[in-house]
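You will see two complexes here that share chain A, one where it goes with chain B and one where it goes with chain C.
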Partner chain A sequence: MSTASAPTVLELREITKRFPGVLANDHINLDLREGEIHTILGENGAGKSTLMSIIAGLYTPDEGEIRIRGQVVQFSTPREAISQGIGMVFQHFMLVRNHTVAENIILGLPGSAVLDLEKIHQEIQELSDRYDLHVDPERNIHELSVGEQQRVEIVKVLYRGARLLILDEPTAVLTPQESEALYRIMRNLTQQEHSILFISHKMKEVMALSDRVTVLNQGRVMATLQREDTSPEQLAAFMLGHTTNPTTDAEANELPCTEVVEEEADVPTAPEAVTVNPTILELRDVHAVNDLGHPVLKGISLELRENEILGMAGVSGNGQRELTEVLAGLRTYTSGTYLFEQTPLQRLNVEQMINRGVGYIPEDRKKFGVAAGLTIAQNFLLRNFGNSNFFWKRFLINRGALQRYGREKMEAFDVRAPSEKTRVGLLSGGNMQKVILARETSRARRVLLACQPTRGLDIHATQFIRDEIGRARDRGLAVLWISEDLDELLLMADRIAVIFDGHIVGTLSRQEATVEQIGRMMTGMTLETAVPA
Partner chain B sequence: MEFLTQALVAAVEMGTPLLFATLGGVISERAGVINLGMEGLLLVGALVAFVTMLGTQSYLAAIGAAVVVAGVVTMVHGLVCLVLRANQIASGLALTLFGTGLSGLFGDRLIGKTIEPLDSHALPGLSQIPLIGPALFHQDVLVYLSYGCVLATWVVLYKSRLGLTIRSMGENPEVCDTMGLSVLGYRFWCLVAGGMLIGLGGAYFSLALNSYWVDNITAGRGWIAVALVIFAFWHPLKALAGAYLFGFAIALELRLQLLGIGLSPYFLKMLPYLLTILVLTTVTIRNQRRGIQVMPAGLGQGFVRGEKY
Partner chain C sequence: MRFFFEKRTDTTPLGHTTTIIGAVVLALVFGAGFLATVGVDPLEAYTLVVEEVFLSSYGWQDLLVKFTPLLFMGCAVALAAQMRLWNIGAEGQFHMGTVFVTWGSLHLNPDTWGWSLLLVMGLLAIAGGGLWGSIPGVLKARFGVNEIITSLLLNYVAVAWVDQHLFGSWRDPASNNFPITREFADVARLPSFGNTSVHFGLILALVVAVVVAWVLLKTKLGFQIQLTGDNPDAAGYAGVNGRLLIILVFAFSGAIAGLAGFSEVTGIHYRLQQNISIGYGYTGIIVAWLARNHPLGILLSALFMAVIFVSAEMLQIEYGLPIAMVYLYQGVILFTVLGSEIFTEYKLRLRTA
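The block that comes next holds the complex of A and B.
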């Protein structure tokens, strides 16, 4: 299905956008044809989001022009972009959780002053049927799964007459099965002459879906390629800013991209464990409730063993966060047994777990991992108040010692910032995570709880964090690694447990696990039923 | 029976300014803006209405002036907390302090002056209903106007396209922004509309409840209205029930004082506020137990279109 002869619907000419200190988009040229899936590929910070926001009318470019079907347009508000048939499906869903699907879809649209909900429901139903989206207009958003919410977003832009859809990393939050369903929807849309700008950095889906791929690096277009004419290796090289064609093995080996590295085995991967390592931490039938008092852990049993990474797969919201909070002593459990080195723990508290040598990398790093308003050095004090090196007479902060320590750790963990006195809130996600990792792995002696440690980070930072956690394991720590990136778990974990609806559905060794099987288990199928016949 | 009928009439009278203020609060908080300046706006409304009444002898002019001036004063709050993005709480409190000061300053010269309070009109038929008839249907025009305001607020917020937009502003301003709606514009005008209703509530104090000016004429009722917005779950119909419940508590306090019950008048005066604390505590505990999220999710959050680094 070639789209090479199809008319051009969107053209970007020399688009440039500057933010204070950053050139986010540097003279970008891009065009999109009717019925095409055009992928925009790039690391975090490559300028993809800025570019999409410009097309969607959220930002105005400093230079350059946008043409829609040949006509030069200028958007000063998102509404103008919408009226030109551009619809953006954001990575973080733009939905009002307490309102219904229909209310979300019609929000901001002109029409009769009094709402005729029956007619609106019917229209949405028709649209949903036409594109096979399975959306129920009368349900509340907070009742819907992530995949369903995403389909609501798609209906929302279609209802506004969008012909050009921007999908910003749409599969980042989906299970493999939900992703497959989305791929079908995308193909269905392009067959009905919609065009799609698709942002992704999952190489497999990029290669499977795209008609063309444009690679961005540091705000510039590295290349625009026909899918048939390129390879994951070449795309990855462009993503990292290499302009030469990396066909030699030596260069291919350097690419720290998961999909490529999978075949190359020169990163620290799990040792082939034969003997069972001693158990450091064990949960038996642990139950706990979430912040609203609803049961969220419904009988979790697991073991964290010395010198081993237990990967935990699952769609977020199935109890992962609460599980790590219980393990870190932040959340009390309602029943069950928590054994730490054979000692049952009854009353959990954070200080006790810190003293027992437990490190914790929380899911929301900005909110719970750091104190954003304090300096890098000061952040090393957090969860480390017992360290007498940082205090005079156990009372006054020893600034010199703290800053020296901060400098050492910045060096060791490759934290890129002007100095140890820089406020943590100003750091990028990757550097912030390195600060947290440096703090937690330096102190923890027994256990490291890592909740989505690489989410949203670019390739370099991701690789660094993976290596560093691998080293912590090699030092003998028992690691719990929660991730939604199955490739990452298959790469790093010794065993993989799958969590669904507050239960561990099953635990597989790395050797026996496959993406497909884990994907099925993530939807609640047990180990037995998830094995393909 | 006679006592109860009279108490109910007084309950509606006492409840009406609370109702106007609560409705005003519901509108602005549904759009996501906290207005802690209610007490100040009530005082401004009362003062302006009283002064205009003295000068013009026209109820319409007095009510109109109270509404307009309260609206203009609210714009200052909007300018500070929405346009300049200062803290909504601090700005609202400043508004209350401003209103208190202003009414004290100008009210000083008004002490001793009197006006003719609004007449009651019985609605034929309806006012004959035992017990609630006189309370609901033998009242002044502002009470009847308050019924209309409740109904209009409810229809607009829950049945209209505009209302959907307003409620979405309070739940998730970012979504509204991406839909091309002006968060600042909607929030500002909802805040101002709410402020005008509060001004109307203020006018009720000087035009209906009193015939002469007293210092601190609102007696802290603005704070009750702040709590009532929460008690009413940000819903106009529940605001009606809540306002009359508190109106009843205030009326009861006055009646009990007159009956000469051997309780300290200071204790009786405390009752409505005690009820406020009690109701807020129980409502909050109950909601937390059930895991209900009724508060607009984006309440009090400033909004700037994010430019990330």
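The block that comes next holds the complex of A and C.
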């Protein structure tokens, strides 16, 4: 099913976009053929999002031109892009939860004052059947799973007449099974002459789905390759900005890419567990409610053991965030038992947990982890308010000690910034996370809660953070590592628990865990039913 | 060809200062226009202002007298604003301070208390302003009520309470029915500097400004205030007791405004009467804003607003202009400063295409 002879639907010529201090897109050339899945690959900050935003009409390029089926076009609004048949499915869904699927789809569309819902439902149903999307126009959004909501977003752009779809990391929020369903839909769409620009970090799906792959690095196109003519190793090399073709095995092995990392020898791996390590923290049948007062933890039982990483798999929104908040003392639990080194804890507060030696890397690093307007050094004061800390002279800040400490930690954790007086808000995601990591691993004595510690980070930062948390475990800490990246959990965790709908569905040792089995458990199947036949 | 805004990568204090100065100059130009419409030669008026306000001893005295309450109020508003809390209630807290102070002067015997009476009255002002200020604080911390609304509405309550006392039991029988209290005893008055009208309240205000700056920049409490102001979620994550901090900061802010009331009644009027504050609490918001809530910048912005007050007062006498002139200038300045905000974050560029 080669698309090499298919007509070109979209052409980008010398697209350049500058932001203050950054050249986000540097003379980018790209073309998309009819019926093609064209993957855009690149590290964070490589310019993918900017490029997609230009195509979708959210940004106007500073230079260059866009042609659609040979015609030069200029978009200044997303509406103009849609009218040219370009639709973007964002990573974060833009749906009104209390409205129906149909209402969400027609929202913002021009139409007559009186809605013919009957007709609209029918049209949506037809679209859904044609592309096998299984979307019921009459259901409310809040009843739908993440995968279903994503399909609503796809219907939304198709309903607006999109022939060219941009999918921005669509599988980042899906279970493996839901991802499989999406792949089928994508193939279905391209067979019916739609074209897809596909953004992804996951090498496996890139290799399985793409017709062609374009790799971006620092705003430039490194290469555009036919899928058949390339390999994950080569793509990873281009992503990192290596222009030479690393075909030898020795070189490929040196690439710090996730696919290759597993073979690397210096990754701290789990010590062979012969005896069961002593339990530091234990939950028994813990219940809690979310911010809206709805039950979100429905009887969680788990143990965090010394010198051990407990990985937690699960689709986000199944209680992970609330679970860590309970463990960190930010959220009270409604029933159950929380034992910390055999002491039952009833009234939780953050300070108490900090004093007990709990470090916490929150899921949303910008919202919770740092104060963006304060300096790097000042951010080391967060969660360090105890008078015994040497940054404090009684209730006064010991500025000199703090700045020295900041410099030391920046050095040790490879935080790239002009100085310890740089505002944290100016740092990249990876450097910001390193500041949090430095703070939390330095002070945690017993437990480290790591929520999605590597999400959205580039390969270098990811590797650094994995190593550092591995070292924290080796120092004897009990680590809870929540991630949606199953490969990461299989690489780093000693045991893996799967959370679904506020329950722990099951816990597996690393030796017995497989991606397939965890994937099934993430949909709520128990350990027994999830065992492959 | 068209203009567009480009985000600045570097926002410097120098850039901020230049912008503020530009905004003030613009306000003076607008003001000149208003003067012209009421038949006053703006150039002549401004010249007169410079002569009478800056080049005369009386002008300087008056300037420092007005500077004192504005410095208090600016500090009160800025302290709360550092935590992104809006204390619109400094005016009311000021009035509560004056009520508590006056209670002290009327009920405590100056012969038995002696000079310590002044100290007790100062503490009463702190208590009055602090309690009044903590009401919006508690409501916000406990029930999430918007502090802008509650602190603003409490102003009217406080002013009415002052009136109730003045028209009621506190009225001086010898006042020919004027709503004023008896004069305070000599020991209940702040000393003045020599023969001037500048009183000890000025020193008190400067001390408060330094203390506020010190707390904010050097102490753990100040750091927690800044942290909460920058990112309340991160503050909660970091173990800051946000609710307690809201109440505490509002109480402190109110206490400072209460001290301003103390300074005015014991330093100038020596009695409680109506209109002791000519909107100092509201002007304090402008003072804090002009200084970007920076404790030391408030010294400058309070002085600047004092200049506006005194100049307008002078124009009032010289040309028979109404007091509304002061509010007009305040309004125009706030308008231009707020409008100029965008230039500290963005630069205006010309696109030719």
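By our rule, the second predicted complex is superposed on the first by the 521 of 533 C-alpha atoms of A that agree within 3 Å, B and C clash if a C-alpha of one lies under 4 Å from a C-alpha of the other, contacts with A are read in each partner's own complex, and residues count from 1 in each chain.
In the analysis below, a residue touches a chain if its C-beta (ideal position, glycine included) is under 8 Å from a C-beta of that chain, and two chains touch if they have at least 3 such contacts.
This is a predicted model, so every value here is computed, not measured.
Novice: Evaluate whether chain B and chain C can sit on chain A together after superposition, giving fit or clash.
Specialist: With chain A aligned, chain B clears chain C, so fit.
Novice: In the superposed arrangement, does A:Leu225 touch chain B (first), chain C (second), both or neither?
Specialist: It touches nothing on chain B or chain C.
Novice: According to the contact criterion defined above, which of chain B and chain C contacts more residues of chain A?
Specialist: B
Novice: In the overlaid three-chain picture, which partner chain does A:Ile300 touch, first (chain B) or second (chain C), both, or neither?
Specialist: Once the two structures are laid over each other on A, A:Ile300 reaches no partner at all.
Novice: Touch check for A:Leu41: first (chain B), second (chain C), both, or neither?
Specialist: Once the two structures are laid over each other on A, A:Leu41 reaches no partner at all.
Novice: Considering only touches as defined above, state whether A:Met492 meets chain B (first), chain C (second), both or neither.
Specialist: A:Met492 contacts neither chain B nor chain C.
Novice: Quick check on the superposed pair: does A:Asn98 touch chain B, chain C, both, or neither? Answer first, second, both or neither.
Specialist: A:Asn98 contacts chain B only, not chain C.
Novice: If we overlay the two complexes on their shared chain A, which of chain B and chain C does A:Gly373 touch? Say first, second, both or neither.
Specialist: A:Gly373 contacts chain C only, not chain B.
Novice: After superposing on chain A, what angle in degrees do the C-alpha centres of chain B and chain C form at the C-alpha centre of chain A, to the nearest 10?
Specialist: So the C-alpha centres give an angle of 40 degrees.
Novice: Minimum C-alpha distance between chain B and chain C after superposition, to be given in whole Å.
Specialist: Result, nearest C-alpha distance in the overlay: 8 Å.
Novice: Report, in rising order, the residues of chain A that make contact with chain B in one complex and with chain C in the other.
Specialist: On chain A, the overlap between the chain B and chain C contacts is residues 21.
Novice: Which residues of chain C touch chain A in the complex?
Specialist: 6-9, 218-221, 223-224, 226-227, 230-231, 233-240
Novice: Quick check on the complex: what are the chain A residues that touch chain B?
Specialist: Touching chain B: residues 19, 21-22, 49, 56-59, 77-80, 82, 88, 90, 94-99, 103-104, 106-109, 111-115, 292-294, 426, 428 of chain A.
Novice: Quick check: in the complex, which residue numbers of chain B touch chain A?
Specialist: 159-162, 164-165, 167-168, 171-172, 174-181, 288-289, 291, 293, 297, 305, 307-309
Novice: Write out the stretch or stretches of chain A touching chain C in their complex.
Specialist: Interface residues on the chain A side: 20-21, 328, 330, 349-351, 354, 360, 362, 367-374, 378, 381-383, 385, 392, 395-397.
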